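Look at the two complexes coming up: chain A is in both, with chain B in one and chain C in the other.
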Partner chain A sequence: MTTILSPLPGTFYIRVNPESEPFKKAGDAVSVGDTIGLVEVMKTFIEIKAEVDGTFVEYSAKDTEPVTAGQNLAELEG
Partner chain B sequence: MTLKIISHGLSTSIQDLGRPGYFHLGIPMGGAMDRFSLRVANMLVGNPEDVACLEVVFLGPKIEFTKSVIVAVTGAELPILVDGEPRDTWSSFEVKAGQVLSFEFLQAGARAYIAISGGIDTPTALGSRSTYPIGALGGVDGRNVQTGDELPVGDSSNSKAGLSVDEKLRRLPDTPARLRVLPGLYWHRLTEASGNNFFSDEWSVAPEADRMGYRFKGGRPLEFVDREQPFGAGADPSNIVDGCYCYGSIQVPGGKEPIVLHRDAVSGGGYFTLGAVISADMDFIGQLQPHAPVKFEKIDMAGANSARAERKQMLEIIRKELRQEPKTQP
Partner chain C sequence: MAIQRLLIANRGEIAVRIIRAAKELGITTIQVYSEADKEMLAVNLADESICIGGPHAKDSYLNIENVVGAAIEKAADAVHPGYGFLAESAEFVRAVIDAGKIFVGPSADTIERMGDKVSARQAAAAAGVPIVPGSKGRIDAIDEAAVVAAEIGYPVMIKASAGGGGRGIRIANNEEDLRTMAPQAQSEAAAAFGDGGLYLERSIQSPRHIEVQIVGDGTRAVHFFERECSLQRRRQKVWEEAGAECLDTATREHLCDTAVALAEAVQYRGAGTVEYLYDDASKEFYFIEMNTRIQVEHPVSEMITDTDLVQEMLLVAGGGELSVSQKEIKKTGHAIEVRINAEDPHMQFLPFPGIVTKLKVPRGNGVRFDHFLYEGYQIPPFYDSLIGKLIVHGEDRADAIRKLALALADLEIEGLKTTIPLHLALANDACVQTGAFHTQWLEPWLDAESLTKGAAS
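And then the complex of A and B:
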């Protein structure tokens, strides 16, 4: 199991806009460089990218909720 | 050239103690959001206290050094690595030519200050190297530091590794942060109940928070004393006929979310200001993360002056301590 951590504090989003599908769903293949979420801080959206290949398991942080630096955002398998 | 910016993090800028004297022309003082931490960072590396440092927000940069220097990082708890080996914050350490300074994830606070012996030696604008991007003044050609930049560093003969500031003298806000406020010229515009609510409610830092101002949300909306708005003030009760703003002044557009103006503030406008955060607490605002809880506390002028004196005293204690022999390294 690999965890993806937030590099900075802000607000977490799992989709590009409220009408979109989440970036990843359980079972999706994940490749290095895939965007799995966004963290908004100081009016800027930072793309959170996978640093390993694997299979998406779940988001561990809630959509539109505050996150801190180092907080677990999502889990991958493999 | 001694600093190569391999990556700039989120927002890294050159800051010193700013360019006072031009606010009446609309050019803000600017400079470090946390002046205390910038001064102490410079003291640790043997620089004059007003020398230019890097102000790092939330996410550390990655920097290669082409000359051996002494470095110190103060302010936010941003764990330091030199070629992957940890170093202590609020302490001076050597970085040799060819080594890379990088950082782990932020642990506390919002802004870290990287001081380098000799200081960053970019050209000054109106007497300061501080970056004011809105006016394209200072910094690197008027902008923040970017990946690929090479920054000049001045000479130093006065620096040593192994100095450290006592933990009790490191200054970061509490949780919730206490920001002391001196009620201002327009305080009478609020109803008594509403004025009390402002100080009893808990607020938190809104996403719109930067060097120009910090916005807060979560408290009850303000209620204003009824009046016929003066000519030119506009219909909203939070509007006035234009007035001057001071650093730390609190405007509340629409009576909803207070904004505390900070170092890159505008100098005037048409919002009433209910008061100002006192100078001794302005540094704390620079260390608040998004969503951080905040309580505003009412204070009078005598209290504000003694808080300012206490902060000066803390700096004086650190100055004295750092003049002593360096502590032995573990």
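And then the complex of A and C:
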């Protein structure tokens, strides 16, 4: 299991806008560089990217909720 | 009726600024705060405080019902909106007035009139303010846009009639560009503002940004001279000066007089800024827009005129007349403000909220630091990255730049990355020192890695 951590404090988003699908769903293949979420910090959106290949398991942080730096955002397998 | 209990409907450094001004006038201050802002300096400084909702601005500082509810609960008789958030929301002004409170700013009708590009241009033109050649009214058809653009002359800027803040502006160099971009701009404007109306104007190449500070009492208006804010990144001002050295005396007087004429024509009450583009080559200036609020960079105008603009706003909002006549407003020396943001200038200005572990504020004659920091303060990540404004006042521009460099070297904010290194590099740059810049100057300067080179030398 690999965890993806938030590099900054802010607000976590699992989709580009409220109408979109989440970036990843359970079972999706993940490649290095894939965007798995966004963290909004001081009005700037930072793309959170996978640093390893694997299979998406789940989001561990809630959509549109505050996150802290170093908080676990999502889990990958493989 | 003079204001007695003032609700400050904002946060950060401007909330601190408003509290200080109000207290000096003997006004009781009531600070609103979100759940993420309990520990902010303004809450500690205010006489009273009240929580208005969750960390996200839409649940607190942008929530009209919550802010007006707080004003009612705390029996405030007036609301100061600061800048940003609800400062230019006519709907908010109406809600405040309907609750029987004073709004510290112009009327809802004036905000609406000046907030719409087309009606603002019409008001400016009627008051004799030069405007950029542009469409007479809103444009809805692409063929119409092509005809108007040919009359105005390319390159033309395509803007949303209902838009603001530089969002969604496109520049078409020819008709082909225009026919590609106009439909995009229409759908974007419809999505963003619920109104697909467009507006075209000539794009002035490499202009300077000059603006005039005015205050009106509903009958009479005065100006506090001009500012130059040409150093911008992504259309955000980075460094601001009062006055604008590029202007000759006749142009300066004409510019300031037109701003007063516009303010009086719309019976303006409160502080406002009339913004212009200035073309160095032709010495011509053109109206861009009027901002109907106090602005971030107001301190530079205060420094050169020895005025408290926020107090002046509170006086006229309370029904008073302007405390000064135009003749009494004298300009001394030159002032510069730089915006200290919690961003890493060496990492594409990545925001850097953190804990202030050490704070050392520069002091000295003509040095001012407007901020909301204290040691141990955790800067929340939910709001703007502006954490302070360093302002210096010198005998002349060269003296102000010297003072600025010294004050920047003395300013210590540990625990965060800030834009202090950017301002130090700018203060030492030959083009900045000679004033040889315009609104398109800073971004290429940053792209050329001048910041890194400046630090190395």
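Everything that follows uses one rule, which is that the second predicted complex is superposed on the first by the 78 of 78 C-alpha atoms of A that agree within 3 Å, B and C clash if a C-alpha of one lies under 4 Å from a C-alpha of the other, contacts with A are read in each partner's own complex, and residues count from 1 in each chain.
One rule holds for everything that comes next: contacts are C-beta pairs under 8 Å (C-beta built on N, C-alpha and C of every residue); 3 or more make two chains touch, one makes a residue touch a chain.
In this text the structure is predicted, and so the values were computed from the model without any measurement.
> For A:70 in the superposed arrangement: first (chain B), second (chain C), both or neither?
Only chain B; A:70 stays clear of chain C.
> Answer with first, second, both or neither: which of chain B and chain C does A:33 touch in the superposed model?
Touch partners of A:33: none, neither chain B nor chain C.
> Please name the chain, chain B or chain C, that touches the greater number of residues in chain A.
B
> Is A:78 in contact with chain B, with chain C, with both, or with neither (first, second, both, neither)?
Neither partner.
> Now for A:43: first (chain B), second (chain C), both, or neither, which partner does it touch?
In the superposed model, A:43 contacts both chain B and chain C.
> Mind working out whether A:5 is in touch with chain B, chain C, both or neither, as first, second, both or neither?
first
> Using the superposition on chain A as set up above, list the residues of chain A that contact both chain B and chain C.
Touching chain B in the first complex and chain C in the second, residues 8-11, 40-44, 46, 66 of chain A appear in both lists.
> Flag every residue of chain A that touches chain C in the complex, lowest number first.
Listed in rising order, the residues of chain A that touch chain C are 8-11, 40-44, 46, 66.
> For chain C, which residues are in contact with chain A within the complex?
The touching residues are 36, 55-56, 342-343, 350-353, 381-385.
> In their shared complex, at which residues does chain A touch chain B?
5-11, 40-44, 46, 66, 68-70
> Residue numbers of chain B touching chain A in their complex, please.
The touching residues are 10-11, 57-59, 105-107, 110, 207-210, 289-291.
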